[in-house]
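What follows is a set of structures to go through.
Paired with chain B in one complex and with chain C in the other, chain A is shared by the two complexes that follow.
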Partner chain A sequence: MNALSRFAADKTRSAGYGILVVAVILLGVIPLLMESLYSLHILVMVFFYVIAALSLRAIVISGQFPLGHAAFMGVGAYASGMAAKWLHLPPELTIPGAAVFTMIIGVMVAVSFSRLRALYYAMGSLFLGVAIIQILNAGGTWTGGYSGFSGITPMFGNSKVSWYYAALGLMILSAAALYRFEFSRIGTNMKAISQSHLVAESVGINEAKYRILAVAIGSFFVGLAGAGYAHYMGTIATSSYNFMATMWLFMYVLVGGVNNFFGPIVGSFILILIPEYFRSLKTYSPFISAGILFLFVYLMPGGFAGLIQAAVARVKSWRRERARDVAAD
Partner chain B sequence: MLLQIDNLTKRFGGLTAVDGFNAYVDEGEVVGLIGPNGAGKSTVFNLVTGVFPPTSGRVFFDGEDITRKKPHTVAELGIGRTFQMNLLFADFTVLENVSASSHVYPRSSLFDMYFNTRRYRRNEAEISDRALQILQLLGLESYKDELAKNLPHGYQKMLGVARALATKPKLLMLDEPLGGMNPSEIDFSLQAISNARDSGVTVLIVEHNMQILSLCDRVVVISFGQKICEGSPREVRENEEVISAYFGGKHGSA
Partner chain C sequence: MEQVVATIFNVLILSSMYILVALGFAFLFNMLGILNLAHGAVYMVGGYIGFALINSAGVNPWVAILIATLIMAGFGVVLERFCFRPFTGDFNRIVMVGVGINVVLQTAVNALLGTRMQALPSFFDGYLRFGVVSVSYQRITIFLIGAALLVLVSWFVRRTKHGQQMQAISQDIEGAALSGINVHRVSALACAIGSGMAALAGCLMGSYLMLSPYMGDLMLIKALVLVILAGIGSIGGIFVTGLILGGLDAVAPVIFDGAVADAIPYIVVVVVLLLRPRGFFGREA
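And now, the complex of A and B:
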């Protein structure tokens, strides 16, 4: 890397940090500017779903496609909700506890699935997700069954503004924790396995270990998101964690851009906020969501983050050319 | 003796791919394992590196029984390998391919990796230096920022050698390093492999291209899963049985 391109890389990096800081500050002042509690409510939901989408991507980069991922959000939600309601434990304890519980279930599944690859893994996790939902449905009074689970211990006196900052903080912490995983050798090893497990094994990377680790990380954070969300909502139902819910998580990741860490964040914001904006159209709103999806898949195969990356690359090459012209003069 | 293959047999259903095969590799040697297509060379290769377990027989490496060890354990113990097909970390650059392959040496724990400890930073700095040295050794340094999938075939194969060297192996096992190459790529690759040998690593080469003989100290010939001949490259080249295995029938009738 020559001095010039290093300079350009440093500049893009600091520009990236700048954007990040501005975004966090903006999100921080929104409750002061916005009157509508409903808008705050939507944003709190977005924050929880950002954690869930990031956790999904943490598994996807290791080359595994967990089609039952949303069911693990349900595991976290029900575990924390049930522990708080029936055992009268404080939510401050049950939320991290539920995240750890979800992680343990995830690891048990990952160990038994560690020989399954590609389509077989996807099928296995799909059926597992269905099974989890059925178990929760069959829970009688303990889980509320098909009619949903209500009366989950509230937090922060149900204040929307407090919840807003709590969820925002949880999202930023989770994102930072996951960022470290991806941009250390741990993430490199996972990406190596996803590109060729044979080569990865041949250079000494233990495939099973890193695949299980990816699922452990992903399950922990999706359990965390599910648990937080359950206490925020107060009432949950298994239909929020079925196969369709997993598909939505995949959409958030794909529309944002699967090759970029920030993809799931951008994707969750776009895909939750835009349908909300068109909510007044009632029946037609799903058509708009579908239309947006088509547009993204058709026009931006790299997702939204891919579009930004392409733009940055173009600016960089333009700047390099200009520097070369200046040098030639 | 660095590698010892003892009475190795592998059956796939009714087919006996490797049948009571014996061989050894001494430290510092370059050994060629040659034979016609379908002779069982690659099967021996995969048995040694732990891709699948043998039906019977044993493999010893550096005094240790590695017979049923997993591929990543075999790599940790010091066998670096390449693949016959061009398997790559396709979306990594050439340099990233090599540094991602430096997982075994120098070693960082998960804790070091996650918390970016001083040891981890020192290891990573050493890894990027070594990766560049390896690319220079094999003549790939001008491609270091290229995506691996965009390299020409021959260079992808040499990238495989670079990746294997990144594991700091005691034994380098090359599976058909000249397969599918044009003459200029073959020249480039022979040079790269001899550079690797001169850096002091022991090499076992599986190949059916006889041009590889120029690099070998000793050659083992395998046909129908059995060893038919062993000796210096010249002895092997003149051996009647080898000639008939390669050309079919008796010498002169082919």
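And now, the complex of A and C:
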């Protein structure tokens, strides 16, 4: 029986790997099949937002809700953009530099907010995010202020296909790193803290240390996404990193399913691509996004991942029942 | 002198409007832990309903404000019944519903009335002159309405049966339910009152400043600042934090220029939260 269940687990796991490989190959050949540069542009944006949503989930699994996460994407974007424009550094240097810079800021914040738990941390990071946005707005010519920051050094000669593969590669690397991170001992400790910080501490898990570590990892990857996005777009504005932007990152995670590593990936694709498909509705197109949200809230509480899990469970129980019927005959 | 008086009135008006919106948010947040992200949109739509009634239907401004308040109070009941009650205790889904409602209301206003900034007409013309100082009747009226409403609401919360039931629920929801309080009915009432107050504040702010479809997002953050700085569970503290934030928002633009003035209140808030994580009057977390 034990061997049998292990065999079944192996089978679902290899099925999962199969789907993953097929998805990556599909994403890899899309530029060869698609002529439309606009579609490539949308997909590049999706890749950057996937990294941001994954990094958000890396913090959420440690039981913290950073309601100012998009502001850290802004920190990465502005840090890289300003270093490239004003210090004339090459983007290859500023993008990782901005990610590290965002991580340092994130750690400083996490250390100072490490006394705050759950709701208070959420609110603290929310207000900090607003403060960061307002400071960027007040930056005058250095940050462009309310009118946005333009003239960020481009990369790859602005070729959409090169950017597509760069963003895809960055997304796969980040996802792999965050996957390893979540299923390592550190990730397990973080999940323990989020379930009960008292029990976790009583078995010797240093709560503050792991929560700060989660914020550090999350900030690094969101800074990376922001910096890449800034060099891709060439122009950035603080309004893309405000409170509602953070809420949309949360929506990507929740629609995909917060309990599954691949949730944020699927959620970003659903919530960016489907409204984009209906963009001919113009002013009415946000109704599509809202409709998707209501659909998931009322009908699929576990997000997309929860739906798949429920479907797999149903198929399994159906199979078991049939096997029992056959045995009874 | 002129500027001092004008600034004092700005502080009072901004504070009373912030407190009006934040109280409605705090009712649900303290009682059931519901993070009502649609509250800012309710405030915005209230202002636009008043605007549409006055400008398109030619309704008397006072009647228009009353109708807008009642419509949004009714909307509050619907919101509580169909959007919050099914998901009580599920933080994630309540946040999703709130964002969804927010998007629907903003898009509806955008599509129906356009993204242009609008303003409600003033209810009173003329100025109250007092030596060299003059204050418009408009501002005095807005402040008086806001202040009267705040007195009314504090009386409601402290002295009436339903208000005391609300306090009981925010102290201990299970104990309140066990002693015979109908939690659902009281929270529906709280949501209706909160939404009505937000709509009224939207109308008043619409005649004091301008209306824009995205003004709700900013007001939502202000309401959150007030509630968190006051401390979760404290209603009286919101009045104090409202005056502080209103003061910062009204005085900072006098001293600093535009964008810097916008940044200062939030920096102050972050520093205060670092020093006092539970807020000024919060109970033990």
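By definition in this document, the second predicted complex is superposed on the first by the 315 of 329 C-alpha atoms of A that agree within 3 Å, B and C clash if a C-alpha of one lies under 4 Å from a C-alpha of the other, contacts with A are read in each partner's own complex, and residues count from 1 in each chain.
To be clear about the criterion, a residue touches a chain if its C-beta (ideal position, glycine included) is under 8 Å from a C-beta of that chain, and two chains touch if they have at least 3 such contacts.
Here the structure is a predicted model, which means the values were calculated and not measured.
Within the superposed three-chain model, A:Ser14 lies out of touch with both chain B and chain C [touch as defined at top].
With both structures placed on the common chain, the touch criterion links A:Ile205 to chain B but leaves chain C unconnected. Looking at the shared chain after the overlay, A:Met244 reaches chain C, while chain B stays out of its contact range.
In the superposed model, A:Phe296 lies in contact with chain C only, and not with chain B.
After overlaying the two complexes on the shared chain, residue contacts for A:Arg180 are found with chain B alone; chain C is out of touch. In the overlay built on the shared chain, the residue A:Asn189 is in contact with chain B alone; chain C does not reach it.
Using the contact criterion defined above for the overlaid structures, shared-chain residue A:Ser162 touches neither chain B nor chain C, since it reaches no partner. Once chain A of one complex is fitted onto chain A of the other, the partner contacts of A:Gly124 are limited to chain C, with no touch recorded for chain B.
More residues of chain A are touched by C (comparison of chain B with chain C). Within the complex formed with chain A, the residues of chain C that make contact are 37, 87, 90-93, 95-97, 99-104, 106-107, 110-111, 217, 220-221, 224-225, 228, 232, 259-260, 262-263, 266-267, 269-270, 273-274, 277-278, 285.
Chain A meets chain B in the complex at residues 180-181, 184-186, 188-189, 191-192, 195-196, 198-207, 213. On chain A, the positions that touch chain C within their shared complex are 65, 112-113, 115-117, 119-120, 123-124, 126-128, 130-131, 134-135, 137-140, 145-146, 242-244, 247-248, 250-251, 254-255, 258, 283-284, 286-287, 289-290, 293-294, 296-297, 301. The residues of chain B lying in touch with chain A in their complex are 49, 51, 70-72, 75-76, 80-81, 83, 87-92, 96, 100-104, 108, 110, 113-114, 116, 120, 124, 163-164, 166-167.
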